[in-house]
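In the two complexes that follow, subunit A is the common piece, with subunit B as its partner first and subunit C second.
Entry: the complex of A and B
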């Protein structure tokens, strides 16, 4: 177990190097001068520009810039953004925003997905099952961007049920609409996977054995079918949670939530390689941790993959 | 307690159909048999002959729909399993009548330890506490001769070999000391030596408990080894019913005869193994009259007229063939 965790962490190191290097290279390759962009139309004195360029090592070769950024990240010396904001303060403000959004969205997605998936799986070909099939088909066909803007317009601007954007109204009110949209869009895949998995498990031989043991229907469902049907869902969790940060970039920008996603979006726009790499590293670490947890959980649920 | 020789399970005129988009398909057609305490009854037939479907239907574990019991009774000590409510049946199936299936790897829940799965019988049917149930489960594993049973009770199905897993299945089926054990091809997935061990174990445990055993198989070797009586099924119908010794010695129905003839033996060394020509009919297109007539060496035009009834050809044995309404008639042909 401990060896397994250590091995996973060790293999994460080279992957981390490749990911950060790749991300940094992509930002470096973007056209345009970040400082001039920051200044906009205003003229910048050459001396100021030179000082800033020196401060952010913009004139150094690519690899030196990358190594300096990595050194800053690893020593926890995050510095400031081009605009002068302290990155450590920014993170402290922004991480809770993204966490709240992601957790709320996941709560919606999991409650809806598991509830409808399990229900539809157990009561196959019923009314709920058939409506679910149709509803998920529609949801899966709607692009996220369209759904976000449509929801913002209908429920925020027109019906005024939710704040249109920003976090002024605090948690959970400001987060409800974006989280609901993410949750509803994500629930479709989850519910269908859950349903299919149950349908497959229902016909398994061991379910027949359970019935032959004279067990009640409820016991067969909850003790024999569900624990097996949940296994593919666990794999889905890891992949899905990892995608949440990527989704946050879009959602936070549309709903103007000052979280990490929005920070990332701004940093990419300004070509701030250091910030992009820092945020990518954060995303990467959380990705590794989540997947490690998922793998450990999988081992708990399925004895066949223990100690692998 | 069971009296030796008491009729425990009596199936009468059982007919099962499956509803398919192309209309109903009759998988089991008017099947009757019975099993007594201490007796081993073999149900012999090819795949698709309805042997598993009939036992699954009477124990209520057949998926219904698409399956449907059209007619028939299955009496356990006088109480009809088919007519009773699901709740009443659950008190008998799983407790007094238990089952063992063919593929023990898929027939055991992969994410529960074998101990938990055996203990579940005691928990549900006897209301034992978790610890007591687990202790009894370990005792059961010991009874089916699994080494270091007390330790292995916490192991999972995939950690056992095929033979050991089938012993686990047996332990689970015999945990509550049932009156009737329905073993659905219990040794088909095992290699020959392990197969013999399992059959021997079943026979031993049966003798200890005076239990009735219904052994579903397609293997004549298995039948001749352990069965007292045999019911031969073809295309959903019983074509011959006899004591094993009589059936092997002197098969009456041409299908049974064909099966016996295609068994490898020392006499046939160097020769090509005889087979029954043709393939079993699809249940969608069973020939009119006798289902076997298209493959039968002695078929005549009259065979197509009506389904041959099961006739008493000698005391204690029946066969469904109009060409051979009695043992004497067979000799005459």
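Entry: the complex of A and C
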């Protein structure tokens, strides 16, 4: 078990290097001068430009800039953004915002997804199953951007059930609407997967055997069907949770939640390679950790793939 | 954006007596700013619209534009006097003004604050303002590529002299008759001695000298809450008792916050230009058309060299139709904004839409070879639409082959600056101080700060220098108009449109609207 965890972490290091180098190269390859982007149309005096360039290492070659950024990240010396914000302060403010949003959104998504998926799986071709299929098609076809603005307008501006944007009203009130929209948009895929998995498992030989042994229906359901049907779901949830960070870029912008997504958006806009790489590293580490957890969870659910 | 900045810079002063007061007697308003939250408040290191907008509430300028008459009036200055040649300017302050920490406001505060800003190694954003002052180069030596600028041994501008407690003088490198007007820029506000010693320590607790001060503490990412400061003795303070600036980076979200009744004032984003009047009936105001927008013809491409060709392009554009497409816009009739003293609506001979004349001019010029490329900004929602509209007019009316290239705005600027950009592009300009000179010098002087087209005409340069040396403002305007005529004859920039801005306001406030200074939420009256 400990060896498995160590091995996973060790293999993550070269992958992390490749990922951060790739992300940094992408930001570096973006056309346009970052300091110009910051200044808008107004001319900047040469002396000011030179001082800023030196401060952010913008005159150094690509690989030197990358190594300096990585050194700053690894030594915890994050510095400031182009606009002068202390990055450590920003992280301390923004990480909780993104965590609250992501966890609440996932809570909605899992609750809805598992409930409807399991129900539809057992009552195949019933009303719920059919409406679920329809809902899936509709929800998957709605672009997130449209749904977020529509929800903001209807529930925030018109009905006033939720705050329109911002975090002034705190947790959970300020986070409810964006999390609900993410959850509703995302639950359909999860529910479909759950349903199919249940359907497959119900017809598996070991379930027939269990029934033939004369086990009660409840016991068959809880001890035999569900643990097996949940296996593919765990994988899905692991990937989905890590992918939430990408979605946060749009959601946080529209609902004005000052989280990591908004920070990332700003950094990409200004071509701040250092900040983009820092945030990518954070995302990468959380992705590795979540997937490690998922793999360990497999072992709990299915002894055949237990990593001893 | 330059255009946003100018509107903000131009609005100060007046204020009129306040309205009858709101329900609970406290007149407060929440102003939405569609930008990322500010990181610090230091007017000398701030040239963006959000920062200057907040600085306007907390700091007072030396002089300002009277919103009723458009004339320059004193705020903190008692007098601003040029010498005969307009090269040395003596500024006398009114007695009895203080900073919000109680320190008296003296000439030394201006001299020391300006010297700090002029020091290149400090990298403060308003450094460039002082490049006109004698001694600037000593504080901003050439730095080799990649090197960090070092603080210079010289710490003071030789042209900046304190005469007594309330008087100081500024000697410019060359005569400049418009210098008095530039003093209304909020980015020249002084810092008190306490702050000058360690500006970083005060970046979130600024000490101003204007009508408002911070209410309590202000932390990163938070709204900026201001309350009236009773020590402000300047003329015509705003009517509000308290102002909150709320930062909402997504402009459409800010607009929705207004519709939900959570903010009192918001800019109408470009996506809502067609719908704001029905979204918020009786709760909107528009500014007069200001700023100016152009199609830039590259001077570095020999194919565009013949002025007749540029006039042909200009006359092939149906400005009325284009302005309708832009929304809240008026066809341009010259190179400067219509709200400037010295604007002539008959300045441009070649700005009328006349396809036949355009074709004839194109023929006389010898035609245009190869496809015409039009560059547009991909980060602007409207960039491609505008480019295609112009492209279609040139194609249909002149029979040119047209193609389009979308790039990020900063990349287009960079290519243009290195003279590698192929074809036409769009640009806009808004003044920092209300003088037609602030259109002509930056864009048409051979070494102008915003010489988009790489234009260079010694005749125009010498006319500008003559205007700069003319102390009488009416005579100076007449000289500058000659410069505009030269620029229109050469037409490195093809005038397109001038634009109004729209704003929404809640029922309890009435923003100040002036044809000289635009729309100001800070100077709202209360119902």
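Definition applied: the second predicted complex is superposed on the first by the 304 of 308 C-alpha atoms of A that agree within 3 Å, B and C clash if a C-alpha of one lies under 4 Å from a C-alpha of the other, contacts with A are read in each partner's own complex, and residues count from 1 in each chain.
Here is the rule we go by: a residue touches a chain if its C-beta (ideal position, glycine included) is under 8 Å from a C-beta of that chain, and two chains touch if they have at least 3 such contacts.
For clarity, every value in this text was computed on a predicted model and none was experimentally measured.
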| item | value |
| --- | --- |
| First (subunit B), second (subunit C), both or neither touched by A:281 | neither |
| Touched partner set for A:256, first subunit B, second subunit C, both or neither | second |
| Touching partner for A:98 - first (subunit B), second (subunit C), both, neither | neither |
| Partner chain(s) touched by A:219 [first = subunit B, second = subunit C, both, neither] | first |
| Touched partner set for A:201, first subunit B, second subunit C, both or neither | neither |
| First (subunit B), second (subunit C), both or neither touched by A:52 | second |
| Partner chain in contact with A:174 - subunit B first, subunit C second, else both or neither | neither |
| Which partner reaches more residues of subunit A (counting touched residues only), subunit B or subunit C | C |
| Complex interface listing, subunit A residues touching subunit C | 30-34, 36-37, 39-48, 50-55, 59-60, 81, 83-86, 89-90, 93, 149, 152-153, 156-157, 160, 163-166, 253-256, 258, 262, 266, 269 |
| Subunit C to subunit A touching residues, read off their complex | 1-2, 5, 36-37, 39-40, 47-48, 120-125, 127-128, 131, 140, 142-143, 145-149, 203, 220-221, 246, 248-250, 252-253, 256-257, 259-260, 262, 379, 407-411, 413-414, 427-429, 442, 449-450 |
| Subunit A-touching residues of subunit B, taken from the complex the two chains share | 56, 59-61, 63, 89-95, 98-99, 101, 103, 106-113, 120-121, 124-125, 156, 158, 169, 172 |
| Partner subunit B, residues of subunit A touching it in the complex | 203-206, 208-216, 219, 223-224, 227-228, 231, 301-304 |
